[in-house]
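Here come two complexes built around chain A, the first alongside chain B, the second alongside chain C.
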Partner chain A sequence: MRIGIPRALYYYRYGALWKTFFSALGCEVILSPQTDRAILSQGSRYAIDESCLSAKIYLGHCAWLLDKCDFIFVPRMADLGRDKEFCLRFRAMPDVVFSTFRDEGVRIVSCDISMHKGKSEAAAFAELGKKLGFKKHQTLTAYLLAKQAEQQQAAAGARKLEAALAGPELKVLICGHAYNIYDRYVGQPVLDAIRNNHAVPIPADWMDRDEAWQAAADLTDTMPWMVNRELTGTAVLLKDRVDGIVLLSSFSCGPDSMTDEILTRRLKNIPILTMTLDGQDATAGMETRIESFIDILHLRKDGTVCL
Partner chain B sequence: MEKAYLGVDIGSISTKGVVLDADNNILASDYLWTEGDPIGATKRLAKSLEQQLDAGRHQIVASGTTGSARKLVGAMLGAVVVKNEITAHAVGTTTLYPDVRTIFEIGGQDSKIILIENGVVVDYAMNTLCAAGTGSFLSSQARRLGVKVEEFGEIALKSKNPAAIAARCTVFAESDLVHKAQIGYSKTDIIAGLCRAVVLNYLNNVGKGKKIAGPIVFQGGVSKNAGVRAAFEKETGLPVIVDPNGHLMGAFGVAILARRSGRESPFNADVADMEFVTRASNCGQCANNCERILVYREGVLIDAWGNRCERGAIRVK
Partner chain C sequence: MPVTRTVQAPLPRDAKISFPQFASYGIAMEHLVQRGLDMAFVMPPRMTRRTLEVGARYSPDSVCAPFKLNLGCFLECIELGADTLIQTGGTCRLGYYGELHEQILRDLGKDIRFVNFAACDFSNPKTFVDEFRQLKPDLNLKRFTAAAIQAVRMVNAIDEVDALIRRRIGFVGDPSLLDHIHGRWLEQLRHADGLKQIEQLRRSTIRTIEALPIDMPRHPIRVGIVGEFFTVMDPFSNHEIERELGRMGVLVERWMDISNCLYHYRGRKMLPRIKGYAHYDMGATAMGTIDAALRYAKAGFDGIIHVKSAGCTPEIDAIPALQNISADYRIPILYLSYDTQTSEAGLQTRLEAFYDMISMRKEAQQ
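Let's look at the complex of A and B:
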């Protein structure tokens, strides 16, 4: 059985878990390629105008997978508990993908993750295994292996974070969703620009998720979204250990619009640059912003700019 | 022979150039329109600066470029420093006004704020990629009102009762503006309202949460608008300085950076007579199909850029 996984949205958060789970069950995992201009324009064609850039990209990846697998894996992610909600787009994604590609005869496989409805991630994956026709113990073994892979990924992130923070270079926290940061077409050019200006970008997801989630309470009592709470907490925890923060958001992300406001208003004594990505082809505006931002960080730290 | 340093700021609208001596004194300067031809504008600029300079006394040993065509003109002039205009402005302003605490800058497409303590930049913010509340906003509203944007400032100063206009979004501002005109506000009050709206928009967006202290230096094209300057003074309660040479600040800053870089590459005034040609070429090796720009001097490739990855890189021999 060939399971297609779109390389977009929460693939960048749960990819290790998903890939290991399906592989351990003996499924062949077909991963869509890195985002490029063709995938983005495909996605924009299928998506409604009001959709955020990231959801458009997701549909572009689904379109690429249509004729290359038996099922596209599109989980329905609602929440993992109180103040651990996902954006509504994730909750609606199976319906959106199904109705968008109905005429192309799309076949998707999904599972519901919603603690409000009493469905944990473990229960959701048990249900998923059952749907695909695997035995209970097979599914459980696969899920446990998948969790191990996930933990290894987290441990690697923690190591990279410590190494980056210990270095002498200028450090810039990239406060944004992993699916923006790691997307080759939209987020990576921003990180490349930071590196080209002799600074080290630190992706927010290197931070421990639980620790970050808890630290968010310093700035907000009411924010309901889990990942945005983690981003807020990461900024709180690292603000004195980095030289600047780049808020990387896709146009027109609802949760980020609120989070970015909270961070720019409430975090003091740290330069912050807001970068909103909308799939612009020309990178000159972005490069000027990054270059000037890093120059300011150098001026602030050493009193001079890199020449 | 004394050493001199050239700074060139090539924006989308205007091209500015200064030549400094080692003590930051301006030896030559000029300001001309780019007219969509940065190469031609640079040639004219080079000629003009050359004529102003005493060739027997000063020799330009290093050049720097800034502004949106900085890369192209940097390749053309053999610049030792190619820097964005924001940094160039910050360096220029802190050199001329060592006590400055806040720099407001509103250009044609962007706006930013730089906070300085003891000569060191401590904070900075820039607008998002939307040009609301910048010079282009004022220009488009001026067109709508049938008034030259250059006259805006003087007209605004005459108003006693500026109209309340939203400036967050040009589209909303336009409907506000039409509405105010239809209910009987005078053009003077509407124009003053627009200037005030730009200021409120700036302070509530770019300047939000920032502690604004004086002295304040206001620069960028919009700083030439006396109405906006007056509105800034009213809203902040602090004096706002607009340098008469404010438009040269970017060129000034990048000339200083060229000197500070310690690198030297003597400027050849012959660029004015050389042939420079640019050519666009699409890479075509993957779906991104990056658009690359190739720059030739007298038929020889001297620089190329625009590719997103190494595969599309064009090497200059």
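Let's look at the complex of A and C:
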């Protein structure tokens, strides 16, 4: 059985979990390629104009997968508990993909991650395995293996974070969703620009998730979104260990439209650059902004501008 | 830094409470505050262009329009002397409105108390009572419950009268007569005391409206309005779209109102009904939108109008399903997205074009 996984949205968060789960069950995992112009424009063609850039990219990846696999894996992700909600878009994704590609005869396999009603992640994956026709023990083994892979990924992140923080260079925390940061077409150019200015970009997802989520309580009270809470907590924890923060959001992101505002209003004594990714090809504007931001960080740190 | 959500300081006796304007429901809120809490309520002034401009000026750019309107409303209430502002929670971005509103108002130097119900659960009214108890430790529970029940009844009555007006406004000789009745009804309701009076008023108003002669063709053009909670219900936000359609002689139906959405909402029954178009609850009002649209399509309506504020996530995600309904039942859908820039003339043109299209279609079918 060939399972297609779109390389977009939470693939960048749960990719290790998903890939290991399906491979352990003996499925062939077909991963869509890195985002490029073609995938984005295909996605924009299918998506509703007003969707966020990230959702458009996602639909572009789904379109690429359409005739290359038996099922596209589109999980429904509602929440992982109180104040651990996902953006509503993740609740709607299976139905959005279904409705958008209905006439193309899309085949989706989904699982329902919603703890609010007392279900666990393990139960959701058990349901998924059952849907695909596997035995209970097979699914359970696959899930445990997948969990291990996820933990290894997290440990690697923690090591990278320590190494980056120990270095002497200028450090910039990239506070943004993993699917923005790691997307080769929209997010990576920003990180490249930072590196080209001799600074080290630190992706927020290197931070331990639980620790970050808890630290968010120092800054915000009622923020309902889990990932935004983690980003907020990461900013709180690393604020004094980095030189500046870039808030990286995709165009018309719902949660970010409010959380970026709270962060810029409440985080004091740290330079913050708010950058919105709009999927345009021209990078000159973005590069200029990064360059002047890094200049400010240099000035602030040692009183000189590195030319 | 954030205000702690668990401990809410009690309000002083002379607190002047206010809540952002939302359609005509302010009356029920006023009743709850005045009768239930025995405190003063500042009725927000009618929203105007200025409300929107002030709100937009201090809001983040890409947040949805209701946030900006609410903020503008808060600022106008403060001008009128309100010192205690209330914001509720919700499952979409609304869940974070309160905290950001409070932060923006504080940064503007406004010295106010802010009561945020974001942590309350609509499916469990006790959480609200607990919150009110913190605000007023000597809360008279009996009195408060009575006021709450009356407020709920008021909302139901407002919705019932509105629904009746919606169906008739296109066909009475003089629509301003209906406006007059509507205005008087709300004014009287505002001073109603007790369930009995609310009921009497409701009955007499409905009788008055039904007594108005109407001139309706045998097969009027029927349009169903669906969409996002705030924008679809609030006439200021949607530029009085129902009135406009009424002026064109259209019979307007709308499922979404507070009564249907909060009291009579049966999500579990909806999913099986819309199973060809959605498999999961998409959150907020998206399911209600799809369900209502499907019902209008099956009932042979001539068109559907989808109303939302720009960028509303759940409603955007409902659109692909609506497009499929539109294709399957061959029913035209007009998608309207309102932001702070929406111009009257542009909207008018689109509505007229939509009306022309569905009326020609109807003629051709007959």
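By our rule, the second predicted complex is superposed on the first by the 307 of 307 C-alpha atoms of A that agree within 3 Å, B and C clash if a C-alpha of one lies under 4 Å from a C-alpha of the other, contacts with A are read in each partner's own complex, and residues count from 1 in each chain.
Definition applied: contacts are C-beta pairs under 8 Å (C-beta built on N, C-alpha and C of every residue); 3 or more make two chains touch, one makes a residue touch a chain.
Everything quoted here is computed from the prediction, not taken from an experiment.
After superposition on chain A, the partners chain B and chain C are accommodated together without colliding.
In the superposition on chain A, contact of A:Leu88 is made with chain C only, not with chain B. In the superposition on chain A, A:Leu17 makes contact with neither chain B nor chain C. Once the two complexes are laid over each other on the shared chain, residue contacts for A:Ile30 go to neither chain B nor chain C. Legend: residue contacts after superposition of the two complexes on their common chain; A:Leu161 is shown touching neither chain B nor chain C.
Residue contacts after overlaying the shared chain place A:Tyr185 against chain B, while chain C stays out of touching range. Once the two complexes are laid over each other on the shared chain, residue contacts for A:Gly303 go to chain B alone; chain C is not touched. Residue contacts after overlaying the shared chain place A:Asp278 against chain B, while chain C stays out of touching range. When both complexes are overlaid on chain A, the residue A:Ala149 reaches neither chain B nor chain C.
When the two complexes are overlaid on their common chain A, residue A:Leu9 makes contact with neither chain B nor chain C.
Least inter-chain distance for chain B and chain C in the combined superposition, rounded to the nearest angstrom, is 5, based on C-alpha atoms. The contact surfaces that chain B and chain C form on chain A in the two complexes overlap at residues 265-266. The touching residues of chain A, when paired with chain B in their complex, are 36-39, 185, 189, 264-266, 269, 271-274, 276, 278, 280, 283-285, 288-289, 291-293, 295-296, 299-300, 303-305, 307.
Interface residues of chain A, counted against chain C in their complex, comprise 48, 50-51, 76, 78, 87-89, 91-92, 94-96, 98-100, 102, 110, 112, 218-224, 251-255, 257-262, 265-266. The residues of chain B lying in touch with chain A in their complex are 68, 81, 83-87, 90-91, 114, 119-126, 128-129, 208-209, 257, 260-261, 263, 286-289, 308.
On the chain C side of its complex with chain A, the touching residues are 1-5, 60-64, 67, 89, 91-93, 95-96, 98-100, 103-104, 107, 116, 118-119, 277-284, 286, 310-311, 313-314, 316-321, 323-324, 337.
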